[in-house]
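Structures are listed in the sections that come next.
Here come two complexes built around chain A, the first alongside chain B, the second alongside chain C.
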Partner chain A sequence: MARTLSPRGQLLGLSAPALVFTVVMIAFPFGYTLWLSLQSFTATGMTRFEGLGNYGRMVSDGQFWNGLTVTFYLYFLSLALQLFFGTVLALLLFRAKKLPGIVRSLFISPFMMPPVVAGMMWLVILDPSLGAANFILTSLGLPPSTWLASPGLVVPTLALIDSWQWSPYVALIVLGGLQALPPSVYEAAEIDGASGWKVLWRITLPLLLPTLATATILRSVDLLRFFDLIYITTQGGPANASTTLNIYGFRTGFEFFQLGYASALMVTLSVIVLGAVLILNRMRDAVAW
Partner chain B sequence: MTLPIKKACGLTAALLASVALASAASAQGFDWMAHKGETITFLANNNPVATAILKYKDDFEKKTGITLKVDSYQEQQMRQRLLTVLNAHSDEVDVFMTLPSREGRQFAAAGWYQDLKPYTGDQTVSPDYDFGGLGKALVDAAVFDGTLTGIPLNIEGPLLYYRTDLFEKCGVDAPKSIEDIQKAAEKIKGCSDASNVTPFASRGLKPALPYTFSNFLHNEGGEYMKDGKSALCSDAGKKALSTYANLLKDYGPPGVVNYSFYQLTSLYRAGRAAMSFQSSNEFPSVMEGGERLKDTGIMPLPAGAGGSHPTTIGWAMAVSKYSAHPETAWYFVQWATSPKMQAKLALEGIAPPRAAAAEDADYKAWLAEEPVRQKWQEALQTLASDGTSEVGYPIVQNPESREYIGQAVDDILLGTADVDQACANADQQLNALIERE
Partner chain C sequence: MSAIASSDRLTAWLNAVLLFFAGCVVMIPTLWMVLSSFKQSFEVTAYPPTLFFTPTLENYVSLSETTPFLHYAFNSMVVTTASTLLGLILGAPAAFVASWTRITWPAVVTLVARMAPGTLFLLPWYVMFRQVDMIGSYWALILTHAVITMPIVIWVLLPFFDNIPRSVYEAAQVDGCSPFRVFWRIALPLVTSGLAVSAILAFVFSWNYFLFALVLSNSDTKTLIAASFNFIGEGSTNWGALMAAATLIALPPLVLAVIVQRWLISGLTLGAVKG
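For the complex of A and B:
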């Protein structure tokens, strides 16, 4: 006769895979990074215990503060653009119910493209001398732009590229939210004679807030760790104007081989991401209905 | 400190002569199939050199019975993987490509290279290998603290590609000095036959530009370090910084601050640059499609106040200190750097580090097909005879030093600092880096 496990045994058995996964894939790498952040590495791989020295170094490191500023500038700008365009696209797709499936798929396809491919594509399009973007501008009689090569324009340009790629993802989330809205509210609004604009501002958008909060959390995690697109297009330039904390940490670790300091930078970034997620989670709870 | 290549020749002559003698005596017992059935892993930089070598991968496996596993990445990703593997003392990689001028000092100090000197002198050398035929200066540039860290795969350096047709139309002579470049650029800028053409282009991307800037610095009579201190603020250093940055600022393409080899090649090949100071390695890419074959001249950077000191570097093939099969790995290194292979690579535009390869009949015929190929070869010979391999600071943290050099140039280029501020900022950071070492 087969033996049955006790409830405690079943609990342990069933949760073991998740527990092992969490320890091996999350807890260990993070713990190891934390340990590395307390070490000092020479260029030849020698280590020495540094304590909190690497964290102290950040305070007086101008590059760290520049990285933090760029990270948040890019984060807020990209997030705002993606929430705006994502919501607009979702509203359009929601209303255009007769749109063929292929067209709907095309609308949402950019986020399926690998970021490296997207980066290379935009690098070619935005090339100030040979790119299509300046060709179009000059054909319309407008002055050409230096796009990614201008310290003042590089972050807005990166935010636009990222928004081109990820707004459709936000749109998908918002579309799901729109489809779940209670029809009774709209019927009541129609009976009351509310205009379309009023319905949008007074009913749709307020009811969509929890969905938008979810989209904000999902995009925040990615945007605060913004890396691939910058690495492909500008490598943090020109003159550090697009060097986010993530890019700075990567270059410090893998190009200059200061793994201890790079780990401290990455632990700090992880804390920022975690803090942002916790705050945004609270906000989502506050707008839930 | 990195020695000028001409001076370095003597230092390696004795080593090469003794190695050649020893090889001749011992090579008779050499067997290409000695490691049949073994497997090695090659970490390759996905550049034209590796691409050309790997076209013949099957030949190697057939000749030796060794299985070659290839791990290929773009340059930066390759280094990232290499640092991780070597720092972990892992045997995952047996052979890898390395740039001695960049990471040679760092990797050698960490003890990550297998010393290849012993392999060149015992029974593991094929009779036709001719170690002594490799460019002595490049071999010497790969020796750190007596350790032969790699075997040269190619020779390369920045060269000035210029449009002979536009020069003729605009009445400009080929530049004979750095000052002439500025004069030529000015004339081309105002020339109606060259409208929509950038007068001068070179690297502006911060970590990439020391490769081209170093030639300006040395030709202006400057050096990176003097008496153990950073010397960017010397008169020659400031002259080189302002000349390079202002050439790009006044005559360069829009967005040059992000320019590396890819953009330079695209711009010149498309006929949108009158002068492009870029790598000799890019010659095959620049000539792709054949549009620039008939209207291009090639020369080393003209002399400056300090004479002519072209930058000459090369990729090398190295064996990991932690390889479980160093002898097998050496067979691959030996095969890839053999006279026969390098003659084959030369036909694909990979400049050979062996003088004999330039005398190869097939290579000569290939050169003779187009005058521009001959010009390219002549410029490479100048690099081989007069070049220096100093790109960035001759310190273990050479890669980081390049960051500050690039920053100084870009500060001037973008107008965020004048030359005095830019070099002072760079010197401060570089001296801190030197002190840390």
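For the complex of A and C:
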């Protein structure tokens, strides 16, 4: 069999299973969702072509705007926290020079555990009446917090939990970037007598921008689609204060069975994620050296 | 000179202290989860929380007695192992071809699965699987989880294949080796460490994935992660059992991650960062 096929045919044969799988499980469903987003469903389960009606409905849907706001609030807050803590942690790790493997394992552990488990764990720690977090706060003489239970605090709390999980991931990426910087730059700065802070602000951080851009892209893809942690801890509450676009789309589809409108919401979210990736990619090219 | 040396020592000391503090912040919540899972039920909700207690396996026992935990664990193993294997079978030859031909756009298409929200695929999949009466079956879960595992395998393996010198392929072709044979006999044995890393990463991400099983499984095929939601409902009265469940669910990915930690970062960033 192999002999009768040309090398070209054989290469195609090797990639065929993956190509078929990609078409059936990824490309076709993607197109199907696009089509669904243009349909409305009648009471009997029949579809009727709606055109852009589902998209028009979003404009006047307060829930959609709430989802969009929550998505971006959570996105920017989490991203800022993770880039900050990640960079600080990377600089600390870089200066420590010799690191036993166990330390690396320790910093990998938060983001390798399922987000669902992180959610279960923090639900118990952040419990308003019996949780350990409020015990620490009150022991320090601070007022206890309601954490996930209050509409005003739920997004910052989710951002904190996610940053606990993913700042070490950003740190390990930035550490890779630090280790790749040419040592000659530091030597030149040292000869010129530049102070530590000056070297950090004027040399290290600017040279790290491409690495930080990479970390931003990788985190953006996940943060804009924030789902697991919210579904486990608050299901979008209290009072929709943590209902991201992804949570809203899921509930519209699988709790209210409005497949057309849910599809339109998910297509919109996909466009947002893809757009963000394209823009951030451009920015990464702009700071490349 | 000695002033500089002592200020260097001071920054090194400060650095170590801050690093230790960061390590505590990272580690303590996880330790708290594990500790709580060994506490007795009256102790786990004690306020103020206790640090010293007589450890008990009570929570683990009650987990296996009052919930089908072992059955869910078995489901998770079936779905995760099968979807990892499927990801390898589909992804490894595809990565080889992409590296050989330098045509990578089909691999880029698979990244759509990484960027689009899971719900976007779940809506059409739900309709598709209902048509063929596969909702609640292992196959529905295995196929959908392979959408997670296959891109991981492709993107982790691609740099490994790229690292094989072209001359190796060319020599093989001169000897009359067909692409099939080059792949099976030459390329694949040269990337065994890549296969191991991609398999472990695929396993971890498939194990951790929540959304697909939440909708596509039934009470018979429910995975541990999807069942977590039920544990929380029951956990409002029994924190100990909830923490025992959380500990056990987190164990397989954590153990595997420690094994491959050295290669993990380049794999996790799809090659964007060399580890």
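Rule of thumb we're sticking to: the second predicted complex is superposed on the first by the 259 of 289 C-alpha atoms of A that agree within 3 Å, B and C clash if a C-alpha of one lies under 4 Å from a C-alpha of the other, contacts with A are read in each partner's own complex, and residues count from 1 in each chain.
Everything that follows uses one rule, which is that contacts are C-beta pairs under 8 Å (C-beta built on N, C-alpha and C of every residue); 3 or more make two chains touch, one makes a residue touch a chain.
All of these numbers come straight from a predicted model, not from anything done at the bench.
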{"item": "Chain A as common anchor, with chain B and chain C clashing or fitting", "value": "clash"}
{"item": "First (chain B), second (chain C), both or neither touched by A:76", "value": "neither"}
{"item": "First (chain B), second (chain C), both or neither touched by A:101", "value": "second"}
{"item": "Contacts of A:146 with chain B and chain C, given as first, second, both or neither", "value": "first"}
{"item": "First (chain B), second (chain C), both or neither touched by A:84", "value": "neither"}
{"item": "Partner chain(s) touched by A:65 [first = chain B, second = chain C, both, neither]", "value": "neither"}
{"item": "Chain A residues touched - chain C or chain B, whichever exceeds", "value": "C"}
{"item": "Which superposed partner A:201 touches (first chain B, second chain C, both, neither)", "value": "neither"}
{"item": "First (chain B), second (chain C), both or neither touched by A:234", "value": "first"}
{"item": "Which superposed partner A:177 touches (first chain B, second chain C, both, neither)", "value": "second"}
{"item": "Chain B versus chain C as contact partner of A:49, first or second or both or neither", "value": "neither"}
{"item": "Residue range of chain B overlapping chain C upon superposition on chain A, of 77-85, 167-175, 365-373 or 383-391", "value": "77-85"}
{"item": "Residues of chain A at both interfaces, chain B in one complex, chain C in the other", "value": "129-130, 254, 259"}
{"item": "Residues on chain B engaged by chain A in the complex (per definition of touch)", "value": "76, 79-80, 83, 86-87, 106, 109-111, 198, 205-207, 253-258, 263, 266-267, 270, 272, 396-397, 399-400, 403, 407, 410-411, 414, 416, 437"}
{"item": "Complex contact set, residues of chain A against chain C", "value": "2-3, 5, 7, 10-11, 13-15, 17-19, 21-22, 25-30, 32-33, 36, 89, 92-93, 95-96, 101, 103-110, 112-117, 120-125, 129-130, 132, 135, 139, 164, 168-169, 172-173, 176-177, 180, 196, 211, 214, 218, 221, 225, 227-228, 231-232, 246, 249-250, 253-254, 259, 262-263, 266-267, 269-270, 273-274, 277"}
{"item": "Interfacial residue positions of chain C with respect to chain A in the complex", "value": "11-12, 15-16, 18-19, 22-23, 25-27, 29-30, 32-33, 36, 45, 47-49, 89-91, 93-94, 96-98, 100-101, 106, 109-110, 112-128, 143-144, 146-147, 150, 154, 178-181, 183, 204, 207-208, 210-211, 214-215, 225, 228-229, 231-232, 235, 239, 242-243, 245-246, 249-250, 253-254, 256-258, 261-262, 264-266, 268-269, 272-275"}
{"item": "Interface residues, chain A side, partner chain B - complex", "value": "43-45, 127-130, 144, 146-151, 234-240, 251, 254-257, 259"}
